[in-house]
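The structure that follows is given in the form of structure tokens.
Should a chain be cited, it is by its letter among A, B and C, assigned in written order, with residues numbered from 1 in that chain.
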């Protein structure tokens, strides 16, 4: 299946981009990222048109990239600026470049038609670095297609089975037993919402609620949202039973998925929380646990991808169960946006706000 | 080439099967093995029908297997017993299961039509654990097809060239120079029989005859038998020249081959001997040497398989030589059973006894 | 693309060939090399016709190779000389053998029609071991096709970008700025010649001119020649500005390329120099640096090959630049010899002398 291209997608964290070329394959295209002397981040095809070696083997000269083989140079607009040994530069001597914009500490790339790359279309991830919120970020590489990851994020009933050591409740309070409200908001965002009242706090949440002293019972919500092509957020709140919902410790976990290939995914994440925000040790511990948790997913999704590769005819889900409602809506939504874009290359779907700053309304399951 | 399926094949040693799921690919099918609380061994398709992850990533709950992703459970008959988050269980929610019976410390699986799985068809491997015999067992994984392994076992002339350090005689008494009697017994078992009178004892046999003191010259027989799909036995006897054949130290080496894929094989072995049976140190040493010896075969067969894969048109043997008589009979026998089964899915070929407890009759070569 | 076969190609250094079979894949053929008791080097198909295992797993018996599986033996002419277990040897029992001749410490193989294998066609590499010259040799395996390596050797403008630490001048005196004279001599040899007057000595050449004391400015020539199928030489001279060209320190670097497959190459090299020839420490240091230098090429060419494999339709060069003149002539020359050989299997192109003992004439760029 091809990829949606008319959208801003995450290419890298800003901190990854420096003078030295960073190679990364996105949606089957080899691209390099670097920063000019003025600090501007550039995205350029990572292939010298002369001898087809990766330009990322070279280095920056002035504000250009110099090929590490024969010294051809290409500037930020993609045109060749120097061919050693000759004065004339043929018009064909150029590489593709891509709109690249930095916001929220993230470099966003536009792989579709460049004239449609309106920065107003960059998703709002305002919790990253916002006062009153503590933020952590991380990157993982999954040898699994982006839709398998989104499936995973929109059906959190797996937490009981994969993440018992961090965010999952045990079998007696398995997440699946709390009904899920799956919906499509405005035709553009899938939401899977659960309320889990009066449960035991899983280890990760007990840690985040330490400022309440020892807590034996909490109310928890989790609202997973998705917008094509790869914007996922898990909006989670926990608060001790008997305390007001408005005082909940909230987590906004952004899972920003950019396909590498059909069967592998760049997984950028950012997590913001609104309690004990000055506690750096807690931030560090929480980030470590998130990384561990996502690696638990990675392990199972990579086995799933390998199984799918070995069984070409098989579609997912092989068996429709209730918890699949949101993942199936997400697949249909992705397909409809893709179909629209392929029918009319000027179609762009603007992202909608992922959440407000408040706790979400408790939605009843259907 | 497809595989014969209407037969009991070795899935695992009983000791390998426990509460924790054991995954194993047999004849291109992913299967998991586990033991219920009552100790019953179960063979179940290792693929959750919901999201196509291996069920073996999960664990046993009660007597069922719980998927490690979303917690679906499947009982020993294969039907789904629980889908977290819903009460109704669709009829399609099930996995394949396979008849599995334990005998001789081995779990035997039936991959063909289940209604034909008569336990009377399990081969007699009575020497395993029989009083008067000492037994060892082992497992190897060969990246070579099962027929290459059977070829190897039915033409033991290779012992001189591959196994000079253990069971092979040197060039001056190379095994090939002793004529082989190749036959098909009752249309169902291939036999390759050799008598090797008055030879020097190879190191392995010198070790087994230590109770005779130093021995300089022995008589040896070796009778290799094969029954489809993968039942091989090497019946070997050695005795000092001048002592009676009935007093021979006998080895019954069972090579139980189950295809993993067309190009890889599970090689289960069991070796029983009837002398110095209480000498555990000897048993241990002998097992180690058998393992070393089979690994010598593995090395050459894996290179052979790689060569065949790189030369798709080439058939074996590329050159018909006399020692190939029994391997060629075995390939024809396998093909005829397979053809019969494919023409009529109810065809089952019952195994015949591999040997009696006595030394085999000395057969003259043709 | 197929390979030119009617030519002597390097199979191995003589020092690599001993009693023990040496396996090597040349032009997609598995071949083994060994030396008879009389010291004659033999090239034989590395595949037993019986069971298709590599004969190189076996060993030499007398002057024959004995298969490590069933003991079949094949003599230097390729015919089977022994089949254990039988007296008759079928006529089909033989392996292919190839003309193999040792000269210049190198074993040359002829993979084409054997009756055309005239030893007068072996290239003259007289500087190897010649009095007045010091020689070093080495071998590298490149996961890149032979034409990519020849491209690299005929356009030395890359030295500035890849080899700055050894043989390349920096950007201010980049090699590409010195015009290249590209020509085809006698329709049979491509030459790319450069004169680089009054340049700073790169580290490698400063080392070779140590007998002149400290040298600040040198004149340098480099003449890269190529003859199909894989004979390359870089003829380099350096001498301090103000000293006569006839007194130049000369390097004759022979790059002898034999395809392993379409996408991998055996790279044999020999380097002869005519100054400080008794300085073994210098020879050792120079050899190390050459090895390092060629490994710098290897790294980039392997990435280039991988990129080409992933882009099946793309041809080289993707962009014609001036420095490609000689590489493009070489590709056309290779293709024309191949076409001629395929039209008439008796066509053989005799090699021409690579160089005389003198400094080459300074050729003006076109």
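Note that in this section a contact is a pair of C-beta atoms (placed from the backbone, for glycine too) under 8 Å apart; a residue touches a chain by one contact, two chains touch by 3 or more.
Everything numeric here is computed off the predicted structure, so don't read it as measured data.
Do the two copies chain A and chain B share over half of their interface residue numbers, or under half; same or different?
different
Suppose a student superposes the Cα atoms of chain A on chain C; what rotation angle should they report, nearest 5 degrees?
In short, 120 degrees.
Distance from the CA centroid of chain A to that of chain B, rounded to the nearest Å?
Averaging C-alpha atoms per chain gives centres 50 Å apart.
Can you tell me which residues of chain C touch two or more of the remaining chains?
Residues: none.
Can you name the residues of chain B that touch chain A in the complex?
Against chain A, the touching part of chain B is residues 47-54, 57-58, 61, 66-72, 83-86, 90, 92-93.
Where on chain A does chain B make contact in their complex?
Residues in contact with chain B: 151, 155, 157-158, 160-162, 171, 174, 176-177, 179-180, 300, 303-304, 307-308, 311, 314, 316-323.
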